[in-house]
Each structure stands twice: as C-alpha cells, then as structure tokens.
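There are two complexes below, and they share chain A, which is joined by chain B in the first and by chain C in the second.
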Partner chain A sequence: MDDMLRIDTYPTHIFNEYGLRPGHPYPFGANPVPGGINFSVFSRHADYCVLVLFKKDAPKPFAEIPFRGMFTKPGTGEPFWGDFRIGNVFSMVVFDLNIEEIEYGFRMGAGYPKVERGKPGFQRFDPRSILLDPYARAIGGRDIWGQAPDWNNIYQHRARIAYDDFDWESDRPLEIPAENLMIYEMHVRGFTRHPSAGVKHAGTFAGLKDKIPYLKELGVNSVELMPIYEFDELEGVHNHPETGEMLVNYWGYSTVGFFAPKAGYAATGKSKDGTMVVDELKTLVKELHANGIEVMLDVVFNHTAEGNEYGPTISFRGIDNITYYLLTPEGYYFNFSGTGNTLNCNNPVVRGMVLDCLRYWAAEYHIDGFRFDLAAVLGRDQNGAPMLNPPLLEALANDPVLAKCKLIAEAWDAGGLYQVGSFPAFGRWGEWNGKFRDTLRRWIKGDSGIISDLALRLQGSPDLYASRGPTASVNFITCHDGFTMLDLVSYDNKHNEANGENNNDGANDNNSWNCGCEGETDDQGIQDLRFRQIKNAFALLTVSQGVPMMLMGDEMGNSQSGNNNMYCHDSELSWLDWSLLQKNQQLFRFFKNCISFRKAHPVFHNMWHLRGQDYLGTGLPDISWHGVKAWNPDWSESSRLLAFMLDGKHAKGGQSQDNSIYVVTNTYWEGLDVELPGLPSVRGQNWYVFANTGVNTPEDVCEPGAELLLGKQDHLFVGPRSVVILVAK
Partner chain B sequence: MIEINIETLQAGAGTTSINAISLTGEIDATNAAEIQRRVMPLSAPGCKLLLDMTKVAYMSSAGLRMLLSLYRQTSAKQGRIVLVGLSDELQDTMSMTGFLGYFTVLDSLESGIQSLVS
Partner chain C sequence: MAFNSVLEIVNGVAKITLSGELDAAAAPAFRTDVEKAAAAKVKAVALLMKDLEYMASAGLRALVFAKQKMGAQTEIYMIGLQESVMETIEMTGFQNSVTFLDSYDAAKVEGA
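Moving on, here comes the complex of A and B:
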C-alpha cells in the first residue's frame, strides 16, 4: 500500500499560477493535505469569499484566490466556471504552499447595506477587511509581547498554519480525580517575567517550564493558566492620565482566536517560523504531565475581542455577524459580558465551534480541564434569556473527547445572572464557589453571625451541591480577580489609582481587613498578625472538602499594593517578585506543608457529602462539631470559635483508612482554652500537632508525619486569631 | 539553500564505520524533504550517523521534524545518531519545542565519533 498514491493530490483547477481543487468542508480551518492545504470556512450569509495569502508579516498579499469564479483547466488552459462551496462552507485545496512561510485570511461580501462604524446593524460585511479564520491554529501579528505592530497593516491578526504531528510519546491527560487536585491559578507572563525569576526566556511558556521544579516542590498538581488563547495585549492600549504608564490588556480575557496559543507567550514567537509556538506550548504540557501536574485553561467563550459597534473587525463580525453575536432587535450588541459583545453560544454553528475548540485543545494539546469565564453567558438563549437546559452545556458535559476533562464554571455573568449552586451541571460541571471565598474571608477577619455558613463551606457546601458532591465546589479565597492574599490582610479598601479610573474600577466588596494599618507598615505586631491571618486562611482552605485553588504568589506573600483589578498592568506591580520567596520563607514553608498534609490525608478528599453520623459503626461520626467544649459547638451569632473532627475510619465513605483530624479555628481577638474530643480508647491513639498558626515559625507547622505529641491530651490553648490542626495517631 | 556532504569514516581502529553527514545552510520547509531523501537511506540496521550541524544557522519546524524522523527510523533499526556542533540558539529552540531530549548532542566532531565508537 505504501506506493499507492492518493487520487486527490493533483490540481483540477488553475487560478493564475495556483493549482487548486475542491476542498473538504470538514474539518474547518487550514489543514495540510497531501501536496497542499485545505482551507475551509463557514459563512451562512456571505455571497462570496476570497482566500487572501500573505508572506509572513508582509504588508500586502501575494495572492487572492476566489472560492468561486472563472478558473482554467490544467494542461489545456481552457476556462471554466467553478464554485468551491458546499452548503454554507467555502472550501478548497491550494497546492504547493510553504506552510511555514504563509499567512492567510479571507475577504467576504454579501448584498447587505453597508453599516457604518458605531451604528447598529445585523450584518457587517466589508470586502475591504481581511478576516482572520476563526479556526486558525496559530496567529501572527503580535509575535512579541508588547511590541507595537505596523498599525497601517491591513491584516493585524494573521492566520497561520500549524503542524499537528507533535510527538507526545506516551503522554496523555493525567485524569487526577477532582477531589485530589490542588489548583494553582497563574498568569503565564507574570510568573516569570520579573528579572528575579532567573529564567532564560522570561514571561514565556519556556520560562514556566523551567520553573516546574518549583511547582513540584510546592506540591500543586494542577496549574490553571489564565487566558492563553491569542489575544491582543495592545487592545485599548492607553497611557495613565497622570503617571503616563502604558496600560495594556495584561490578563487577556478578550479572545482573538480560540484555536491558537498566544504567540507573545512563546519564546519561539520571535522565530522566523511562526508555527513553533504550538510545539512550545505542547512541550510545556508534556513536561508538566511528566511531573504529575495537570493543565487547566481559563477559557473565554462569552465574548470576543471585537467589542461593540465601535470595535475592530477582526474575524467573526465580518464573516457572519448575526450568527456569531447576540444582537438586540435594533442590531446593537448585547453586553452580558461587560466587554461590548456577547458570543451567540447557543446558535448551533457557534456551539459547534466551541465544541470543536475544546476538543482540539483536549485532543491535540492534552489539556486536562477548562475553567469557563463568565460561564452563565453560555446558558443564555439567542435572545439572551437564561435557559433551563442549555444545549451547549449539555453537549460539553456529554462530549466523548471531553469526557474526562474537568469542566469548571465561573457561574455568573455581567448581565446579573448568578448561578453558584444552580449552574446547569449535567452531572459534570464544577463551579468556582464564590460563597466559599466570601464566607471564609469574612470569618477570617472576625465577622460574627456566619458560623453556620462557615460550617457548610468547610464541608464542601452541601447546601449548594447536594446532589453533586463536594467536588463540584472549587474552593478559593483569592484568585486573579481581587486582592492577593497578602493584600487581603493589608488593605481595608482597594487602591486602584494606578488603573487610571480614579479608583472606580474593581470590586468594592472585598471582605478584607488591614490588621490595623492600611498598606505597608513597619509595625512588627501588625506584620505578624498579617502572616498569621494568611496562614489561617490557607490552612482552612486546605482542610475543606472540595477542590482547593490558590493564587500564584500567595505562597510567598506577593502584593499588588492594594490593587484589586490588575488587568491592565504589565509591570513590577503585576509580575511575581521571586525575591519574596527568600524574604517570606515561612509562608512558603507553611503553604507547602499544608498542601502535602492535605495530599497525605484522604479524609479531606471525600467525593460524597459528610453526614454527621457514625454510619459505619466506628465509634465516631464522619464529621463532628465542637466548640470550647468538646461535642458542644457554639452556633450563636457572636461565636468566633469552631472546631471539627474528621473520623479517619470514615475517610472516603470508609473506602480509605486515615488518621482522624481535628481542626479548630478561633477568630476571637483573645486566646481560648478548648476541650478536646476524646478518641475511642480502643484505637489507643493520641493527638499530635500538625499546625498551630498561633505560634511563631518554625513551630507553626511541621512536615506531615513529623507531628509532635500534644502535651495535654484533653485540653488545648488556641491563640488569638489562630488555627490549630491535630492528627490522631 | 542547503549543502549536504556525506562521507564514510572508519573509526575505532577501523572497527566502526560511521556515516558523517555535514549540513551547511538553513534548514526549513523548502529543503527538509530533500535532506530526508538523501540521508534516510543511510539509516540501515546498526548504522551510526554523525550529523555535523556546525554550519547550520537556522532550523525551522520542518527541520526539527526531519531530525526526529531520522531518529525514529534509526533507533527502530538499532542504529545510533549523534548531533555535533549545534549552536546554543538551535539547542535552545530544540529544547523549547521538545526535540532536544531525543538526541545525543556533543560539541565536537571528535567527541561525536568517540561516542559512536564506544
């Protein structure tokens, strides 16, 4: 069979010097086929479509080939009429193109009246625009982060072709059970851009790869990358009105192309060969997997970078505006995302694109899971109304390729839909649990009246996820959106002046407490209290049922100087300063040990909700609650102390055997003496101290397994605003 | 433009026959297939291939793929392949894109020969 030639490797049509033949509508995008490249693009309303070919970075195209028109026959040169369209898909094969060298786009047109910029309209065809392929696997135009492009170039975001033959060897997604995850939310550039990171290729996928040993030492087993689909950091670039600092789209929640990695995040982005970025990201994923770390992507399907009526025409709006976007009856863009437009996700064609996209990342990049930004938008119908059974969410939940991927929703949107606990989950979806964040923050700062709520959050929020189990709850106290952990305990209020909006942007409900002084201080007492509060927060996060997520840099006391909306800063304000690791060694040590303690104890990894009963007859309930008196929690308004004990023999419903664990959290400003619950005498066990945030480092925590025997077994002094964790053995 | 020179060396006091392939120029999609056509026939059972990359200033994805194909072919036939003279920049690119780990990479022709003899 080796010598058999395919019969479709010869041109059947000639246009100028280009050999062509009718293409395959599927798959969409530009795909290498024997001898050529198959280009395929959907538009329901375009009358005509032209393939526009550029040399890499060139200002002008070198060829424009129509999908319909007069062609000539190979050999004879006889002219004839041809049309490379099936249904609503334009597709053709072009032979003899150098895939490393070309960039391609489309022109599309239809007989609709032209809509002026800023005016409402349903179709925005403009044959002068060169349109990015929505399925482009690599995109040029912003190859080096922050480097100003030629703004006069008619084609700004330029589709490239990518090789799809990466050698994964035996790598595959890790499929770590959700209950065993410890997620590290991070920004690819911010992680290693600071000179103190000491990597060769600062701020890139390659730089992140160099830091894998660090992540491994910390103990996290999942990295959640803030958006890495191609976006334009220079979108809306402007200078701070007072400081003059250049403000950019640093976070990247504004997708230009859903199938392409951000070229500016790749060290190889600057290479002559614009397709290497794909291999660089795949190499990073492979290396993370080899070190037991999953990769989750933060994906933004609620809107695109094209903005509202005034926004640029990059791709979708010039291809089929009314298909891709939710429009008001007047032809304005609905704005449920807060960024100008809303992707029409439950249109069957757009839904197909979202599915194709996620399948592509799961299959071709071995991505382990996805976190969906403003996911409530994905459940809105084509008029913007929330649906009971959104077909997109159902399709994702049941997709064969995505079957083992983690699907996590940010279960709200900017249109006022808040679905924490009620997101249509189809048995699959987890959620960022905003209630966990709010309750834990309030508890830690010492608010009263929330002790019952706290108990629910520590258990994996059974009130929200009764049928879905604790793993539906992604627990977090800090994330990219809001204060860092150190700022949470250093600022009462946000300080976003650097964003140039008179401190009007960013959330106001931070539930933060500065511990006695706003911002930096020399007061040792305040500094100590802040570190203790950080430890309290992280300790409670890691002993809660559900899936814990932490924010990059919290483990070394990273600050953003009180700015709780860092989206526009690409500077030392947003880059992780690695010298903090040395300076705040005690935090790193505390975080690391808490993570490894959580990992070592299956009692924290329940897939089903705890019952508060001894249903296995072990002598202890799976979870029991305690106060200053054992077995006697104080649930009253003013109570600021709560303790719980997890029975090791009930770990994972009795499927695992573990030590029993006792956790007490005191947010009262004075220390309290608590009575400890006795262990069943037949077990012959004693309490050992794993962590006590009320004492100074290094006594605050130990390595799991090296816990110290508690002197008095029936009583314990819990310092002011402290957490103590005991283990029975 | 790429120049391909192939010579057969007798090393290890005549006990070992090594095919030394020296490439000059830039390797990309326009010539990777040609190199493959010329070099692949040398990938015989038990072969020892020495690729001298000293005069290769640039390698595109197609070049990296050509090298990996050669490695796969050669190791499937219990042959060995050693790269010498790779510039720091090329090594760096190969490392970032996941191609470096497959290869024995040495500085000089002599160390490459020695490694293939041993």
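Moving on, here comes the complex of A and C:
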C-alpha cells in the first residue's frame, strides 16, 4: 500500500503563485490533505466567495483566492474559467501552505441591498467583512485571556487549522452509567486563576490538569465545564459606572466558534503556534479519563456572539444570515435566548452543523457528554414555535457517534418555554431538574406545604420522568447561575451591585435564607447554622435518586458575596479561593464522605423509579416513608419532618445487594425524638450512624464503612434543622 | 534562529543534536534524520536539545512519529531541554513517548 499514489496531490489550477484544484465539499472547514489544505464552506445565498489568507496575527492578508474566476493552467499558463463550487458549497484545495503559520477567512457577497447597522434585514452580506469559518478548529485573535487586541484589525476572530492526530493511546470516553455519576460544574479559568490555587499556569486547561488529584480526592467522577468553545471575553466589555472595575464576558455563554477550544483557556495560547491549544485540551481530557473522571461540556447552541441588528459581523450573519438565524417577518432577530439572536437550529443546514460539531467533540476530544444551555430553543421551529418532535433533538438522540454521550438539557429558554419534565427526550435526554433545586431549597430553609413535593424529588421526580427513570433527573441545588451554597444560606436577597446594573440583573426567586443576618457575621451561632444548612442540603442531594450535580467551590464554602449573577466578573469575586479549603476543612470532609457514601451504596443508583412496594418479597418495600413515628409519615401542610428507608435488597431492582439506609430530615427549629423502623429481625442487623448534621464536626460524618453503632436502636433524637443518615448492618 | 539537526550514530545510539526553532517548516528535516536512525535499527535515540529554543506542533508530532516508526523497544531520550520546551511537551501530552534526561548518560542510553 505504501506505493499507492494519490492522483489528486497536484494543482490543476494556478492563481497568482498558488496551486489549486477543486476541493471536496465534505467535510466542511479546513482540512489537511496530501500536499495542501481543503477549504470548504456552505452558503446558500452568496453569489461568490473568496478565501482570504493571513500570516498569523498579521493585520493584512497575504493572499485572496477566489473560488470562482479566471485561473491558469500549470505549465502552460493558459487562462481558463474555473468554479470551485458544488451545490451550495464552495470548496477548493490550496497547496503548499504552512499550517502553523496561516490564518484564513472568507469574503462573501451577493446581490442583496446593503443593510445598515441597526436596521432589520434578511441578508447581511458585506464583502468588506472577513468571515470566520463556522467550522474553524482553532481560532486566534484572543489568544491570551483579557489582552486587548488591535481593535482596528479587520479580522478579529481568526480561523486556524489544527491537527487532528492526537496520540490518545488507549483512551476512550469512559461511559460511566448515568446513575453512577457525580457531576462537578466548574469554570475553567475560575478554578485555578486565584493565586492561592498554587498552579504554574493559572486559569488554564493545564492548571486544571494539575488539580486532578484534588478532584479525585473529593470523589467526583464527572466535570461539567462551563463554555469552553471559543468566545470573546471582551465582548461587551465595559467599566462599572461607580467602581470603574472592568466587566467582561467571564462565563462565556456567547459562542464565537463551535469547533474551537477557547484559546485564552490554554497556557499554550500564547505560543507562536496557535494550534497547540487543541493538544492541551485533549491532554487534559486524557488525564481526567485516566483518573476516572468524565468530561462534559456546557454547550451554547441557542445563540452566537453576533448579537442583534447592532452586533458585529463575525461569521454566520455574513455567510448566510437567513439560514443561520431566526428572523421576524420584518427581518429583526428573534431573541429567545435573551442575548440578541437565536440560532435557527431546526434549519437542516444548521442542524447538520450542530450534529457535526458534537460528533467532532465526541470523536476528536473524547468528550463524554453535553449539557445544552437554554435547550428549549433547540425545539423551536423556523418561526420560533415549539415543535412536538423537534428533528434536531431526535437526530442528536439517535446519532451513532453520540450514542453513548450523555445529553442533558437546560429545559427552558428566555422566551418563556419551560419544559422541565416535558422536554422532547426521545428516550435519551436528561434534564437539569429546576424543580429539584427549588423544592430542596424551600424545604431546607423551612418552608411549609412542600413535603409531598419533597418526597417526589428525593425519588428522582417520578412525576416528571415516569417513562425515563431517575437518571433523566440531574439534581442540583446550586449551579453557576445563582447563589453559591454558602450564599444560599447567608443572604435573603441578591446583591448584584458589583455588576453595574443597579441590582436589576439576576434572579429574584432564590428561595434562600440568611439564617438570621444578611451576609457576613461574627455570630458563631449563625455561622454554625449556615454550615449545618449546607450539610443538610448536600446530604439530601447525595441520597436522592437521580444524577447529583454540585457547584465548584461549594465543598469549601465559596462565597460570591451575595452576587447571584457572576457572568461579568473576572476577579477575586469569581475566582475560587483555595485558602478556604483549609479554613472550612469540615465542609470538604463532609462533602467528600457523602460522595463516597453515595458511591458505596447502589441503593442510591436506581435506574428505574422506586415503587413503594415489596415486589421482591424481602419483607420491606423498596422505599418506605416515616415520620416522628415509624411507618407513619406526616404529609400535612405544616409538617417539617420526613424520613425514608431504602431497602438494600431492592437496590437496583434487586440486581444489587446493599445495606438498607434510613434518612431523616428535620427542618423544625427544634429537635424531635423520632421512632425508628425496626429492621426485620431475620436480618439480625443494627442501625449505624453515617451522618448527623446536628452534631459538631468531626462527629457529623464518618468515613463510609466506619459508621458508629447507634446507642438506642428504636429511637433517635434529630436535632433542629438537621439530617441524619443511618445504615443497617 | 534557524533550525539545525545533526545526526551521528555512536555505539548503536542515534544522537540527534537539535538547535533553533523546530516548527512546521523545519519538521521535515528532523523527520529525515529520524527515518535514517530508524533505518539504522538503533537501540536508542538521544535527542540533544540544549540549544533547541522552540518546538511547535509539527515538532511534537515528529517525536510521536519517531516513537511509532521505531517501535516501543527503541527508547527515545530527550536531553537537556530548555524549560519552555519541556513545558510545551508536558502541556500538550507528548511526554509519554519519551524519557527526559538532564544530560547525556552513556550508561543509561547506550546500555538500553
């Protein structure tokens, strides 16, 4: 086979000094081929397209090569007409380009009237604009986080070509069953940017890699990375009107390029070779996998960084505006995302791009799953109306490459579509369960009237996911969007003044309680109560059926000073302060042991909903409910105590054998004496205490397996606002 | 500084002295030396990198190429790396293909 010679490695066309030949329409993007690079880009409405080539970072292009026009024949120099287009795809091979040195873009034009900035319009072609390839695998222009670019440069976000030959050795996606996941939601930069992180390359993929031992010790087995597709942290950059602080696009929910990792998150971003960011991220993924940790990406397909009628032309709007965006009948951008525009996800071409993109990340980066931001948008038709069977969601659910990837929806959008429990799942999709968050928050702070709802949430929300099972429910109490766990128990109200929007931004319905004083306090009693409430919350999260997700830093008591919308802060307010780990060691220990306890007990990992019945004849139902009196739960409006017992013999429908577990949660402001359910005598078992948030550390939690024998086996005192977890053995 | 690669084969070890900047334009020259070493069926390759100032993606890939070309039984040593080059190799995950040494250790390399 070594002797087999491809016959398409020589130019058939010459333009100036560049050797060319007709390209391959698929795959889209810029792909190395023998001797050259194949450039391929779609536009349905462009009349013409020009490839624009730059040296890396250069202000002006060194070549512009049309996809259609007069070329010459190699050797003879004879002129002839050529057109490198098939269907609506412009594609050509350019020979002898240095991958590491060049950046490329496109100019496109058509015979539509020019649309002025701020005016409505269906097509926004402007041949003066140099357009980023939607399929660019690496993107320059913001190589070093926060570094101001030359704003006069005509090409701000610059497509690069990346190698896709990473040496993965034997690595592949881990395919951890969803019911066994413990997800850690995190911000790549915020995780290690603080000086206390103690890593060499702070705020980068390489920095995160250095912290893998920490994640492993905590026990999480999935990291969900907030957006890492290329975005522009300087988009909408402005100064706080009073403090003067520079406010940036810190979170990154505004995609510039769907196929490229965020260069500013890579320590190698500053390298002369701008393609190494790809290898750096792949190295991180490989190392996480080697440590048993999956990687999930938070992906934003509902909108792009191009904004509304006033936004910049970066890529899509100059390539084919009406294809890529949802437009009103007048030609304005629909704004179901709350950020200016809405990607036209159920246009077949856009749908294809989303599929290509996710396949690329799954195949080339070994990504284990995706969480879709404002995913309800993905189910809207081309007029913006919700569909019953959205083809994009169906295609994703059935895609062969994505078949083992976790697909998780944030099942709502900014246009008022709320689909928690009703997201078109096609048997595959899970959801961020916002109802779990709201119910658990209300319960923990002591609200009345929600005990029945609580019981549903603890079981994996069978009311919402009857046909899908508990693993459709991603349970969380905190996430990036809102208060941290410490702030949830320290503030009644949001304090977003630092965002410079007069505290008008961010959610108002936080279901939070400050435990007696708004914000920081020296009152030891309040401090103790706050920590107890945090432990209550996390304990209930980890004993709930479904897929638990926690927020980075909650395990060490991270605070954002009451700010519940940190999207614009790149400062100590948003960076994780690692000195908290030492200061709040008791929280870390509690979290770590709870995670370990959950992992050790299959009874928490059911794939099907519990029935409340003894369908295996073990003498106990799979789940039973209790109150102050055993077998007698109080479901009344004012009830603030609920207990449940999970029968270990029913673990995973009887497929696993486990200890039985008893959990009691008391949100009364006073302690209560609770009668315990006696285990069937044939089991000859006793109750042992794994956790009791009502007592001081270190007695609040044990190492799993080292639980303490309960003194009185038939009664238990449960302290005020406390959770107790017992294990039978 | 222009890239330079010098190959000599001593005691069954291919010593390749690298200097300058190993980028995409320079990588073919390096690969040629690697191919020669492979053809000579050496027991080890020692890359003397004290004067190598920069290594780009193509250079990193040439390392993997070298490892794959010669097989797992041929050890590849990278000797005297500058810190920035070492960091690049580690951040991009290419360190698994090679063994790092501060200086040439004949007993180790030639005894391989």
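Definition applied: the second predicted complex is superposed on the first by the 729 of 729 C-alpha atoms of A that agree within 3 Å, B and C clash if a C-alpha of one lies under 4 Å from a C-alpha of the other, contacts with A are read in each partner's own complex, and residues count from 1 in each chain.
Rule of thumb we're sticking to: a residue touches a chain if its C-beta (ideal position, glycine included) is under 8 Å from a C-beta of that chain, and two chains touch if they have at least 3 such contacts.
Remember, predicted model here, so these are calculated numbers, not experimental data.
Trainee: Report clash or fit for the pair chain B and chain C bound to chain A in the combined superposed model.
Mentor: clash
Trainee: Going by the contact rule set out at the top, does A:100 touch chain B (first), chain C (second), both, or neither?
Mentor: It touches chain B and chain C both.
Trainee: Quick one: is A:480 in contact with chain B, with chain C, with both, or with neither? Answer first, second, both or neither.
Mentor: neither
Trainee: I'd like to know which partner A:271 touches here: chain B for first, chain C for second, both or neither.
Mentor: Touch status of A:271: both partners.
Trainee: So in the superposed three-chain picture, is A:137 touching just chain B, just chain C, both, or none of them (first/second/both/neither)?
Mentor: After superposing on A, A:137 lies clear of both chain B and chain C.
Trainee: Of the two partner chains, chain B (first) and chain C (second), which one does A:371 touch, if any: first, second, both, or neither?
Mentor: It touches nothing on chain B or chain C.
Trainee: Does the superposition put A:166 against chain B (first), chain C (second), both, or neither?
Mentor: both
Trainee: Does chain B (first) or chain C (second) touch A:280, or do both, or does neither?
Mentor: A:280 contacts both chain B and chain C.
Trainee: Jot down the residues of chain A that show up as touching in both complexes, chain B in one and chain C in the other.
Mentor: In chain A, residues 98-101, 163, 165-167, 200-201, 205-206, 267-268, 271-273, 275-276, 279-280, 282-283, 286 are touched by chain B and also by chain C.
Trainee: Can you list the residues on chain A that touch chain B in the complex?
Mentor: Residue positions touching the partner: 98-101, 163, 165-167, 200-201, 205-206, 209, 267-268, 271-273, 275-276, 279-280, 282-283, 286.
Trainee: Within their complex, state which residues of chain A touch chain C.
Mentor: For this pair, the touching residues of chain A are 98-101, 163, 165-167, 169, 200-201, 205-206, 267-268, 271-273, 275-276, 279-280, 282-283, 286-287.
Trainee: Would you tell me which residues of chain C are touching chain A in their complex?
Mentor: Residues 23-25, 54, 56-58, 60-61, 64, 87-88, 90-94, 96-97.
Trainee: What part of chain B is in contact with chain A in the complex they form?
Mentor: 28-30, 58, 60-62, 64-65, 68, 92-93, 95-99
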